[in-house]
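Labels A, B, C and D are assigned to the chains in the order they are written; within every chain, residues are numbered from 1.
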């Protein structure tokens, strides 16, 4: 089905089901309960999961397949966001204008930056991409371009946003909410209550989810295509590539541009969900984040980057919100002394200490699961398989791009 | 003219911090082949060695002064440092005043131990792993280290002044017979001299000791040296400790220049990578040269005359220079072929 | 008729004249060996042929066209394939994938953005690759990681990858270096078979005289960057100059 | 194109009916019937405290969080009641708000617009927060204010000092208690003229982002009006950690005052660097060289240590004020946390009480009713003397403090001393003042 191998089709279907039912799966705890803190099924975070999933899937096409480690991909994310918000300002709040533009413009930027940066390899390449991205960040953060043009281009550290005085030539009256063709507002949410549970079905989330599935499907096709194979060959042995009559530069550049366009799309979607483009999303920390997401999940695997993105965003948004009040409510069932003791123990790892937990998780994953989270999943799966059929012959069909 | 002289001084000073951090980083790159994202955190821990020693030296006894009130209107608790009790206010005060230079002695063993533990406990297991894994684990470690510091010291910068003897500035203008003042802070001159000594010591160590020769040989060709029956691993462990100590010492003496805070390591991390790569992978002189060069260029770019022509150039100069150098010289200023190019 | 014509090629590295006025002519469908002591300039010459190095002087013509100034992949597309001293294969890929890449390179050229269709749907390439693997007796190992194969298998795979492109000239750089005697003999047999079955020219650099005399139809002896003599194996064996310059000095290599 | 232009509204309506299952244009948990976002249904009401908990402003965020927690206690009738006892409005009874117990959730802004909005959205969407309070930078405040406007909740800004927050970027759902750059300039200029004379030449170093620009503009305008001359204004990158190359040229520029339009880590470092260059011991143009830091905070002063001594700046509030409200708050805060509150803590505390009081007076949590109750509200007893929340731009008008670094501090909290309490009349301005022009409050948005 879909022109993909059976295993890939199965993976795609599983991912589709998971995203479709995410509002249920991410809200396993009743709304009022102490554990509700761990629920992640609210629109903003669900949107972030899939948007950063797209970002990481695209990054993986470059890093996972070719091995070129870009440290400046957040620049394309920012470019995509600015493109969409500018379309809001100039035309109207319909996201249909901005998203294709985000892809095209980030593609153009990726072509220029990639063309120059790919003249070098290894860490020299990484630093070139970092330098370009940091330049773009500095320019956006202080709106340096705006100083030359005499009008704001990025609106500095506040972030680019839509004002009532903006032209919005396609409409007469001012709008304030991004929508798709006037059919549905991105923030529309239907809340379903089942007993104590509550589930949010958000239009923006499903829009992003559909796009994520499309990009995931495209990534599968790329992984399994001759082009994808060539990219893995670039990573494996450039010398042999050259002496097999293959020009490595355009292969790497094409991967760079494709992943840049993925990043631009992700950035565009961020602005489509929340009509503001902040300069921080171009900073090196943002570029570093997608690197971490990809490695954490499992570089070069199809589903790994999505898992990594979800993992990091979950910690950022859920663990940072756990304060001492919440801790007390968790441990309220314990006797007073022990309750306070537990709160003191857990306190450094949550709330303002969420970074500490994240750092520890990075170390634990990379020490114990060298292949990232995907390897964790594989180990669990192997454990089950071994239990079920001890005498099975070793699986020789394991393809390296798994 | 005087403006340019001043910026050269500034550049040398900034450059010495960059060079010291990059030196340690490139030692780890070159000898161990490890991408160490925790190197900035080592610099930060060095700065907090100064803070810690200052706190230790100012451990105080508390007495109640009924004549003064605190902010809630209660009698004020007056703190007297134990140092002043022991040695009298004069000498005790002097010891506290000199806590930053004294912290050098404190920091060397601390940083060597931290470096040793890091290498044996963690980094050692990642020599054979892909660079991606090294990035993830050292980045995780960097976050953990800075969060631990934040837990104990808070997020606010902590003033760590230089000894009173080094307050104020030296007037080069008078020295050179210029009309205009060309004042430069004493402590910054001390920092520059200190870095020069450290850099010189590292180079001398690598150049003139057998240990250094083996390490240099190991940087050039690890396998061959290993085949010669030399225990290169143990020497690399010591090298990691030294790299940590260099970063730490850079931090110790930096504390009076800018009050240390827990995230100062991350502020320097990206920059130090740029410096190392511009200098060229695996080249110690390259790292030092690039450090000073970028420091001076950054200082020049912040001159009003330059900013008048190119507004905002000071924000991006480092990156522009990095791009130009990497495009004109494929392996940075003095890089060796084949190091971190795969 | 000569398919490869090297004329007056010179190459200098700093103070070292690595190649000096080298002339070489390789006849089509022949097997031509280049021998010489260490540092004679054999590898430098080879690198000049494939575009890794550009000679300071002289010309290199392949099938009437100059290869100078062309990139390695362009020269390869002209029909020159190279086998390395230590096998250069795609270690992270499977044997089958290793085999398919040259098939794609042959079919699609230096770059083709074929990003949507599945590899397995390219029947022509799959069949050709399978055929090559069968031919090389590697078909059982098709799912293996190339890096985990034995050295002899890697060598066979690399030769197979070169042949998959149907090159007109196959350059071999000490193909049996570091091999056990049995593997060496297998490789010799393989190369003989290739020579018999295909219209192909083979140029080989080799230390091992057993290999050279088993395969070569003509031999060029290189010493200190200059061709000493060129002749048939029989004549070379008895040539006094060669004995003096080469065979006498390195008995153990022979 | 014309398609969307002509029929958009109609389409939204029909689609809302047709696709009612999926696309009801409700925002989140609000029952559509209540008419506004996150209408509290049970016996509790949830506040969202959005402060920086990681990054350079984490300490400031922590102090804000302390104050917010204290405010919630006081609202619920716990503790000594703090400023509720001195507040001129007596609507709050210490039984929560309209009988509902106040609870709160917290989030981390990371001092990044994106992260702050994500965190605010989480509190609104997931936790049902009715109001967002806190923050310690203007970029974040503007970003979150915009979000609250769209979401239909009230935003009670924390520390935000840029003119834009209640100028170019003002929003009907957003309210700022903190003072702003213009007020700093207006309060400082007369004091500076008195202390340092009217014939001064100022050299500005300005952080290169929106707040820095408005701060510099305000200071330059106010001091120039007093007769000062602005010699130069140099923009410094936010990422700077070492300001030596910007400070070195100051001495030879002919300026005799250095104005540091920096905040947070930037300010700590630039002031430390300036003192290293011994500027305060120099004489230029026959006058003693001086440094001015327009926006002070206790935490920055602590970070800069001895370097603040004798340096003048301004603040919104300080714990040393001797009015009843300030004393009550300082006592309450000090007894709970063992340290005096910072001025950002004060703002967050007051904002929380003001919001609660407005709800009580309006008799509704509906943001529009609350906004109406806050607009042009006059109150006293909150530490800054008689204060007005101006309806035209949602900016509070009150006395401003001019501060100076204490020369001989007697204890670790004694870093700054009050030079003058600038009366409110002196810092007031018209809503259409050019520095605040270009904005539009819009209409209050109740959300659902």
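We adopt the following convention: a residue touches a chain if its C-beta (ideal position, glycine included) is under 8 Å from a C-beta of that chain, and two chains touch if they have at least 3 such contacts.
Bear in mind that the values here come from a model prediction, so they are computed numbers and not experimental data.
With centres computed from Cα atoms alone, the innermost chain of the structure is A.
The most distant chain from chain A, with centres taken as the mean of CA atoms, is C. In whole angstrom, the spacing between the mean C-alpha positions of chain B and chain D is 35.
Mean C-alpha positions place chain B and chain C at a centre distance of 52 Å. Here the spacing of chain A and chain C, counted between their Cα centres, is 46 Å. Mean C-alpha positions place chain C and chain D at a centre distance of 74 Å.
Multi-chain contact residues, meaning those touching two or more other chains, occur in chain B at positions 311-312, 315. Within chain D, contacts with two or more other chains are made by residues 58, 62, 208, 235, 237, 239. The residues of chain C never reach two or more other chains; the list is empty. The set of touching chain pairs reads A-B, A-C, A-D, B-D, using the touch definition from the header.
Partner chain B is touched in their complex by these residues of chain A: 63, 67, 69, 116, 119-124, 126-128, 130-132, 134-135, 138-139, 142, 144, 147, 284, 288, 291-292, 295-296, 299, 348, 353, 355-356, 358-363, 365-367, 370.
By the touch rule above, chain A contacts chain D in their complex via residues 39, 42-45, 48, 92, 94, 138, 141-142, 156-159, 161, 163-165, 170-172, 176-177, 179, 181-185, 187-191, 198, 200-201, 203, 206, 270, 274-276, 278-281, 316-317, 320-321, 323, 325, 351-352, 354-355.
Across the complex, chain A meets chain C through its residues 3-5, 221-222, 224-230, 232-233, 235-237, 239-248, 250-251, 254, 258, 396-400. Residue ranges of chain B in contact with chain A, taken from their complex: 35, 122, 125, 129, 131-133, 135-137, 139-144, 146-148, 151, 270, 273-274, 277-278, 281, 311-312, 315-316, 318-320, 322-323, 326-327, 330-332, 340-342. Those residues of chain B whose C-beta lies close enough to touch chain D in the complex are 2-3, 6-7, 9-11, 13-14, 17, 68, 70-72, 76-77, 150, 154-159, 161, 167-169, 180-181, 183-185, 187-188, 257-259, 261, 263-264, 267-268, 298-299, 302-304, 307, 311-312, 314-315.
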